[in-house]
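What follows is chain A paired twice: with chain B in the first complex and chain C in the second.
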Partner chain A sequence: MMSEHRPIGGKILTKPFLVLALIAFIAFILVVKRFLLGIGSVTNLNDGYPWGLWIVYDVLVGTAFGCGGYAMALLVYIFNKGKYHPLIRPAIMTSVFGYTLAGASIILDVGRYWNLYNMFWPKYANINSVMVEVAICVASYVMILWIEFSPSFFENWRKGGTPKYINKFMFVFIAIGVLLPTLHQSSLGTLMIIAGNRLFPLWQTNWLPLLFLISALTMGFGMIIFESLFSSVILNRPLEMSMLKKLSAIVSKLLLIFLIFRFGDLIWRNEISTIFNPGFKQFMFFLENALIILPMIVLFIRKQSENPRSLFLTAASILIAGTLYRFNTYLVGFDPGYGWQYFPSIPEIVVTLGIISVELMAYLVFVKKLPVLPTVRQIENN
Partner chain B sequence: MTLNRRDFFKVLSFGAAVATGTNTLFSNTAIRKKFRTKDAVGILYDATLCIGCKACEVACKKVNGLPSDHSDWETKHGLSNAWDSGSDLSTHTLNKIKLYQHGDASVKNRSENGFAFMKRACMHCVDPACVSACPVSGFTKDPVTGIVSWNESCCGCRYCEIACPYSIPRFEYNKAIPEVFKCEMCSHVVEKGGIPGCCESCPSGASIFGNVYEILKEAKRRIALKPGEQYAYPISTVHDTEIQVRSAEKYIHYIYGEKEAGGTQYLILSAIPFEKLGLPKLPETSAAATTETIQHTIYKGLIAPIALLTGLVFAAHRSAGIETPNEIQINDE
Partner chain C sequence: MNKNISENPITHIPNKYTDQMKNKGISRREFIKFCTAIAATLSMPYSFATEIGKSISQARRPTVIWLHFQECTGCTESLLRATHPTVEHLILDLISLDYSETLSVAAGHQAEEALQKSITENEGKFILVVEGSVPLAQNGIFCKIGNRTALDIISEIGPKAAATVAIGSCASWGGVQASAPNPTGATAIGDVYKMVNINTPIINLPGCPASPYNILSTILYYLTLNKLPELDEQGRPKFAYSTLIHDLCERRPHFDSGRFAEVYGDYGHRKGWCLYKIGCKGPETYANCPTIQFGDVGTWPVKTGHPCFGCAEEGVGFTKPLHEHASVFSATPPVAFPGIDETKGIGITPGAAAVAGAAAGIAVGAGAMAAKYLGNKAEDKQELDEDS
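And now, the complex of A and B:
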């Protein structure tokens, strides 16, 4: 039985790959420094801004980018849209990298990493803490993702492909794989509720969990569209346009739902007038929402949603908007007072770039060596 | 094909299922409230009495075995332990006297052209956000004394620093094996019947220690005083026999910490508006209570997650069953 996915083959050690490896190496040295001399020796984090680029980009944005697998599983298996199937495997692969590296990068950012297991230890785990929920769900989701992705390994290296017992129970893993991101992507929003009025009213709301969940879904779909178009161009493959067009129709509706809750909440809390006071936070709010409204309008125009170029730009816009929403909620809108300030240091940025490099390198290796991308025949059939 | 109407409603209902959890908060779930325990201890800091001598800072370091802080300039020139010159709370400094001054700073306890002092330290909240936020019980609140203290189970995630409305916890950013520091009301002394270093050492009675209900009563007596009225101020504890009789300042008729973020065990009195002294304006509900109410509503008995999972398993089983590679439905509906 042949899978409809094939490794695309090709040389691994290309020039871009080596550049990425170099960045990853420099980042590795900085990581060693962080473990020997402390977090402050590499980052600009301080007692006022204890969470910075590493948490917000690597963990929050990283896992949201990794929601492609979640979004596709929801669509294909839960809403029974079998026709999107060829895209699900690359989507799960992006999720595997996004989540695995997000989970790993927590170890860099946490000061007493040797105690992390306490989060799973009944004696110490504090069930009142939103972070415990996030930790349990993210950790188990990483495992579920590897199981969901395992057929790619089996098909490549095991005679007879994926073992029957894995296939047989795959639906259970898929169901858990939809449950867990629903729980933790919303909890990643709940995390900031405890910051109270230290988080600016444009972002602080009891609806943070729902907003973060919808936002994560838009980013998941955005990532699938972005990645599919990007890999088509970079790896010289035909465009998967007809499917992407349909995905974009779903995204446009999700964006609309997000905006209804986002602005409905502001009106309901009587904070809508805050938008009109001039200020940096308001500017960032404007930017964040403009990048949601614009692609939504573009996608509602039928002619535009069929154009690969506009589709690519809208996907990028959705990803940037989701990124901004997370940065705004965790950093821009967060003001601990007492004159504290934060902007990431250069080494801090390099470490994040290193993590992104590792992710891209793994992507290149995986698509070249494992049956991940749909076969060309299948795309053309569609 | 675009998403048809039935699918669109499926998406909506999925969102609505999640929204229900949050929504409960606004309809019938009261946000939980915690109260000061009977034997809780506390500190009353009366800014009108503070003379800014910093004896409390010195005593704090002595009792807790902490080194002195230095400015960058002093560190560069090799000064160490000659004196203490940190300007804020740090991993070495658990309480700090801050100066407020305005204009010519000629009169104490006056906002305009006046000055005053303020002691920054952990407020020992009744419903502490740090305790609620900490994933690994690294911060605990003593069930008897209500003192909030740190322990070694901490994983260094610094969520406490995000959560604390007063920006109190301090993390060792420049250590490979960091710890978190904040005032623990000298719990090691208090449990032996002693009193915290700051109250023990304060010469003017600005910091007094005692049962939290008694210091609350004392605070209420003081804000009821008329300016200039003679009052017997106890020096170290609320029942101290050593007293100082002096005329009362013009108190602001408000006890900071009585209700802030669910209340605190460190109470503050002042003649100058609290916001000018760097104390945040906070709602009466602890953000910890809001978060826990939302979280425990959604996860109550794990019923919602289990129900959702059951639905997902059925849906996935139905879809995955027909989804062997050769049978994939590729054509449009």
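And now, the complex of A and C:
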């Protein structure tokens, strides 16, 4: 089943694009400063908080946003739901950006970045380390994603489209592309198990890997819905409601499973009473879970799930909830000891904004120049 | 009770070593542990422990003559008060300690007779242990035993010994008595040997007192292999004196990180930081104290919070002022020490909050606009549906 995709065309250098380019440029200067003068010259990272905004947003949230490709591949190829195929290519594209820039952020965040290559050097790699697992997994997945996305390039620039030998082995890459995120999205949860009792009991649990994996899947589907609706607004395209409606039904069930594990674990560990003590951490916990429970309820109401506005808001809510869950687990709920504190510095935030800008710019360029988005005819056929 | 003990009517010391052990309530296990510890001190392979065990069991009981000159008997005391007294006593039983002013039962002329008898009987075969320096000023009148000066005694006995062990800093290089102005003209045994042309091989075991394990290891090495351990240019066995205290010190990481106690009892001192700045001579003293501790009491000065004062090193102990900074041979302290009071991070600043808020605001705003637009679009669609 070949799905049809077309570049939507249009001017590249629009006003929003230039604003994004400016932010990206400032971020680039700060990145140069970081590489020349060290990580302390740009960030507020310290020995108590060695992981800050760059890891939590750019890597954790960035790859979770980039789980659209994973979620769709799982759905289309593993559960054999071919009808969702038109959504796969845009989903993989967001994954490509999310993961490539997450990989780049890791290089920014490693203090002695010139030693980073040792991770891939079998002689020096510590094969018992979760971090090595994440690093190798993310690095391989970035390559897999570019291969999965390569047909868009071939169709645009090569006569005869994608070479046969690539199509022939694509199933291998797709299979690996489903395996790898399963591994590293759960490992990203495992990383905080190591923090032990420095992580607040509301978040510290041996179920972290599973919770992170389910959460990443909800965010992946959420991103597809969000991106599809948002692009229909900014690029003035028809809505893909029929397909998004069905996706939203899957998401609502995933959210329910997440909540069952989340609260079941709290009850099992006898920590449920902790949420009733007043405090900032408890407030963040409520916020994080309210943003999961609300969209779930909305999506279970049939009429609401057919309304594009509600669907858009629920998708946004799911993405914010996943983001909060990651920030809470890695920063808010994390207490390295008396006196330590962390809040990202202005340059640190600007670098993250620059990375987001690069993602948005790349998105605009790719959808305008490459066959990524499904043709209007195909949307209407559905 | 024990048939195997063939009693010697005179000394009551059983002839076989294993029987002696039984008599003294030492298990085979304890004995092997001791041998292993000695082998480890010598940096010898594990199998060497078996060799030591064998040579101890075969007990040729070589004669040892232990002379005291200008010293405090601290070396003898620390050897006797080592925490394995039963085994150490066995060693004293094992070697035939024919003369020792501290341990002899005999006294006066009787003791001197025993000494002369032993020297005549064992000429060229006995081990001479010398504790203390030899005074040379005013014809050596500062140290006399049996009306003979130390120089007379060593000149007579030295050439007849198979080997000489100069135990302690006094015998090795003069020790505290040799400090300026050195009124007694205290001289090391090695220097006296050169002066009066004695060619007996000499092993120096400096330290104040010398580690009992180093003396035991040296003697057992000689008994086992029938030769002297490898020595450095100062005549010290390499197994014990080839490493700077500084290089194996448990406080070394603090030195490398620039964390120093500045005065006694300050924060760094209480925290166990490096003692270099209050005069530790570890960086210029060669000894194995960090490895085997000091005096076999389970600790050593640096561990208790006192800087090493270089007792084993000529030109350092009893010579340099106690709180003078040591010369650092192996690694100099870095010019700029890394900070020892890292700030614990910077919290939220108004600027950062503003930027983060603005970014979140733009995101929320864009989302809200999109939501509004989508709502309109849906309504349009509904109207279209209704119209049609």
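What we mean here is this: the second predicted complex is superposed on the first by the 379 of 382 C-alpha atoms of A that agree within 3 Å, B and C clash if a C-alpha of one lies under 4 Å from a C-alpha of the other, contacts with A are read in each partner's own complex, and residues count from 1 in each chain.
One rule holds in what follows: a contact is a pair of C-beta atoms (placed from the backbone, for glycine too) under 8 Å apart; a residue touches a chain by one contact, two chains touch by 3 or more.
Since this is a predicted model, take the numbers as computed values, not measurements.
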item	value
Joint occupancy of chain A by chain B and chain C, clash or fit	clash
Partner chain(s) touched by A:119 [first = chain B, second = chain C, both, neither]	first
Contacts of A:47 with chain B and chain C, given as first, second, both or neither	both
If touched residues of chain A are counted for chain B and for chain C, the larger one	B
Touched partner set for A:207, first chain B, second chain C, both or neither	first
Touched partner set for A:138, first chain B, second chain C, both or neither	neither
Contacts of A:79 with chain B and chain C, given as first, second, both or neither	first
Chain B versus chain C as contact partner of A:340, first or second or both or neither	both
Which of chain B and chain C A:38 touches, first, second, both or neither	first
Clash-bearing segment of chain B relative to chain C, given 170-178, 188-196, 260-268 or 296-304	188-196
Set intersection of chain A contacts, chain C complex versus chain B complex	46-48, 340
Chain C - residues contacting chain A, complex	342-349, 351-353, 355-356, 359, 367, 369-375, 377-378, 381
Parts of chain A lying in touch with chain B, wherever the complex brings them together	1-4, 35-41, 43, 45-48, 50-51, 74, 76-83, 85, 109-113, 115-116, 118-119, 121, 124-126, 128-133, 135, 170-172, 174-176, 178-179, 182-183, 186-187, 190-198, 206-207, 209-210, 213-214, 246, 249-250, 253-254, 257, 334, 336-338, 340, 378, 381-382
Chain A-facing residues of chain B, complex	1-3, 7-8, 10-12, 14-15, 18-19, 21-22, 25-26, 88-89, 129, 131-138, 152-159, 161-163, 165, 167, 169-178, 261, 278, 280-283, 287-288, 290-292, 294-296, 298-299, 305, 308-309, 312-313, 315-323, 325-326, 328-332
Touching residues (chain side chain A, partner chain C) in the complex	44, 46-49, 229-230, 232-234, 239, 307-309, 312-313, 316, 339-346, 348-350, 353
